[in-house]
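Labels A, B, C and D are assigned to the chains in the order they are written; within every chain, residues are numbered from 1.
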Amino acid sequence: MKATILIHCPDQAGIIFAVTRFIHSKGGNIIYLDQHVDQQANIFFMRLESNFERDDISISDFKNEFNTSLAERYLMKWSFYKDESRPRMAIFVSKYNHCLYDLLSRYHSGELLVRIPFIISNHLDLQPIAEQFGIPFHHIPITKNTKSEAENQQLSLLREHEVDFVVLARYMQIVTEKVIDLYQNKIINIHHSFLPAFAGAKPYHAAFSRGVKIIGATSHYVTQELDAGPIIEQDVTAVSHAHSIKDFIAKGRDLEKIVLSRAVKLHVQHKVMVYNNKTVIFS
Amino acid sequence: MKATILIHCPDQAGIIFAVTRFIHSKGGNIIYLDQHVDQQANIFFMRLESNFERDDISISDFKNEFNTSLAERYLMKWSFYKDESRPRMAIFVSKYNHCLYDLLSRYHSGELLVRIPFIISNHLDLQPIAEQFGIPFHHIPITKNTKSEAENQQLSLLREHEVDFVVLARYMQIVTEKVIDLYQNKIINIHHSFLPAFAGAKPYHAAFSRGVKIIGATSHYVTQELDAGPIIEQDVTAVSHAHSIKDFIAKGRDLEKIVLSRAVKLHVQHKVMVYNNKTVIFS
Amino acid sequence: MKATILIHCPDQAGIIFAVTRFIHSKGGNIIYLDQHVDQQANIFFMRLESNFERDDISISDFKNEFNTSLAERYLMKWSFYKDESRPRMAIFVSKYNHCLYDLLSRYHSGELLVRIPFIISNHLDLQPIAEQFGIPFHHIPITKNTKSEAENQQLSLLREHEVDFVVLARYMQIVTEKVIDLYQNKIINIHHSFLPAFAGAKPYHAAFSRGVKIIGATSHYVTQELDAGPIIEQDVTAVSHAHSIKDFIAKGRDLEKIVLSRAVKLHVQHKVMVYNNKTVIFS
Amino acid sequence: MKATILIHCPDQAGIIFAVTRFIHSKGGNIIYLDQHVDQQANIFFMRLESNFERDDISISDFKNEFNTSLAERYLMKWSFYKDESRPRMAIFVSKYNHCLYDLLSRYHSGELLVRIPFIISNHLDLQPIAEQFGIPFHHIPITKNTKSEAENQQLSLLREHEVDFVVLARYMQIVTEKVIDLYQNKIINIHHSFLPAFAGAKPYHAAFSRGVKIIGATSHYVTQELDAGPIIEQDVTAVSHAHSIKDFIAKGRDLEKIVLSRAVKLHVQHKVMVYNNKTVIFS
């Protein structure tokens, strides 16, 4: 059995030794260990991958014992991921297709190890792409008056299909508290600017107007404050006075799809930990 | 004689032909021409370098005729730079030395073709570096009460030495209207963030707190609104959760000095045009 | 009528003026002009876009007159592209799908303004993707003994469909003289390394073995010397000791598809000029 | 007491646990641990920083016990660095000053925690800079006939001053076996290309001639094969057809000095491990 364990807790002496001793006592061999201490916040983070000799190890026993002998003592919050089970990822889109194409082609070629139970959109434009890839497509239109009802429909689908996390692939609607609260640090958005610059609507127009020489894209977990959630991944590209807003948008598309896909992969591989509205990204 | 000409004016048909015809009629051979049209603002920009057969060409005649036959007709604002005369550059610093070292070593090795009549600082820390490089150093301390008087002293020195432009090499004081108005688009600042993100004080602390994955530096002309002037040059570098604020600052130093020096070189080579609080940067 | 003109010739005084005068005399207004002189090789390059008042201008007259009054005198080689007619682009692939997906999704969403008469592959793996996008797919297997015959089949298809240029989207066969000679500077390849480092087979393995800290991808026109043709576009990404060859390959895929698509776009927009086995890329 | 320990050995189960147990048994608290396994070569690497409760711990006892109980059993090669003692760094230069200025200004401002007992050059050009910074300068000219004698002089100075490592800051002479053998993985060079492209002389000329769109700089340990030693750090910058060789050289200077300084810092902080002509770089 192979497992990945993520731990964070108040920093104190002896944690690494205590955890490695515990893993050893359970017949585990650590094949990857990385840790980080935020000195300012005094928080310890660790990610470890371990092989266990026996495949018949009881996971519930393991978890109970870990809790009793380590987690309680060190006030740890921790997660255990048994193997490479594929998480269920829902995709929300509107009208732009570049991020959707990128995610689906990676999924299709086996690069992105997830299941995609469905795509939700408030528009019909991208239905043909969903069909091209054989993914169920749910059209849930949204108006001011129907927003709450539409979110209920979204939540029904998420629950029914036991969705693990949601990717907003240029979904042009603000997701509200109702959904965010149920999927904390489980909704990944791509924002088409180098946050915190140009949060909100029309960031390429704002970047053009400000005359920046570099534009960016940012993937982050969605929180209630717009475009202010924990940043998972960012990237940038150079622009010049010679580029129009249309050029910014075209260049930005390439950034957006790459940055979003990187963030999704990190999430799927359990390499992201969130605290204080920031992320620790293990390599 | 070799000259560089910068032109901007409302866009209309025939400008390039009209200018090239004028240069030709004066015995000039264009060795570089680049132009740009801001379609939104309908402004035409051109930079050209030209060799003239005769060295005894009268520059005032040239300018008069250019004004009469072109500039007035096309509502051009234009500049003419005769040759590679070295502009006079004043440097303002406070306590950080990395940008100062970088500028002075480029100056010393002949990479930066300027004259440096003096360095002004509100602190004494960097006086030894000025002495190391043989540049006059003026210590003008600044307190709330003496700020206006200090700026008068600065302006006296700038005038006395016929300074062409000023470089704020991590100068930790806000320059006021009194100085800015006299040196519009002639004061180059380096801000230690990827503007417009993290304008104002302590940008590395703010970037760390926000959990960004990339930090930057921005060189811009100083205007009355803090850190909001026309951007000349920007660059970025990747950071991670593993970097402390101290690491951000150390990585940022390398960005700051390179970005500032690039901006200064562009300015010295007459490759920057300013309009609508933005820049056109010719290659 | 709008047209793009590309010119190169030995450098000499007066070319820019002569060309702008000619365009003016034909009722043309230059809306974009960029030029470059390779001082070492003494070659002048120019790209200009021009609007002509009249739409009924005779292109053959224009070309004849341009030849007589300019091209012959200045020994120009030049091209004239009337408007935004969509060139015919053939795609050659083997087994990797990421570049194909990227090209087809850009084509499908109207970002890439070409026609795609067919896809050729020496394998059947990617036929479903061609079908997904409704593009004819020709399976032309290649063995040592059938290579020449296979190339004849390829050439028949290229001729029959009046293909303007060919994109090798990770096509894992060496294209021979027979094809190259007929499509000089018209076959665009993507090589998965930062050329000239790691030319030839298995560049990611070679990069891993050498312990580089950055990997790259290079798009170039195909010439008879393997991976040695004129470079159109390159990009790189950081790697570390922690990345396996498999990681290099995954990171490389993102580089390859972006770099290839950028190169294809530059070619389609007539922004590439080739000389001395190098390219001039106009912005 | 604070110490940094670097370990590498054949990979096998239980190493991390064994080492953390040993550190714990000596009253050490691990404050940083990072490890890496090269799966292909089956080698395990670890870097750890540890605080020890007692300052009077006997280092020789610690080392003996570590050897007996761990190193012999696991066939470890390991290093122990007690604290932040400043290593002695010699600088070799020729005529270019940008890397020297960069190193000395970082040294002078306390960013680079080393001692610099002397600078050696085969030319006199940079003597004034050494004097500017108060560092002893030894002029050791080199001709074909005197090379061996000159190297003896160099070695005498290195020994006399107990130099820990050597930085070749654009030193334009090939260092021979005689010196390399005595300072294995202790001589850091900066090569002005993106290795392995353009090894050897005049890389900017070669890059210009090949028409690359990106140039780079590479810092590596010196081995007997020219420009083929383990790479510590690389960086790149974009170029275009519009840049001359002179522009390549100017842009390259900024890369060279930053890349070399980063490599020197990594070395000083014991973050580099070398094996199979490659490096592991801990963050």
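In the analysis below, contacts are C-beta pairs under 8 Å (C-beta built on N, C-alpha and C of every residue); 3 or more make two chains touch, one makes a residue touch a chain.
A quick map from chain label to UniProt name: A, B, C, D = Formyltetrahydrofolate deformylase.
Keep in mind that this is a model prediction, so the values were computed, not measured.
Ranking all chains by how far their C-alpha centres lie from the centre of chain D, first place goes to C. A comparison of the C-D and A-C interfaces places the larger number of contacting C-beta pairs at C-D. Chain C and chain D have centres, each the mean of its CA atoms, that are 41 Å apart.
Distance between chain centres (mean CA atoms), chain A to chain C: 36 Å.
In chain D, the positions touching at least two other chains are 240, 242. Residue ranges on chain A touching chain C, taken from their complex, read 97-98, 101-102, 105, 108-109, 111, 132-133, 240, 242, 250, 253-254, 258, 261, 283.
Listed in rising order, the residues of chain D touching chain C in the complex are 36, 38-40, 194-198, 210-214, 216, 230-236, 240-242, 244-245, 276-281. Across the complex, chain C is touched by residues 13-14, 16-17, 20-21, 23-24, 29-35, 37, 238 of chain B.
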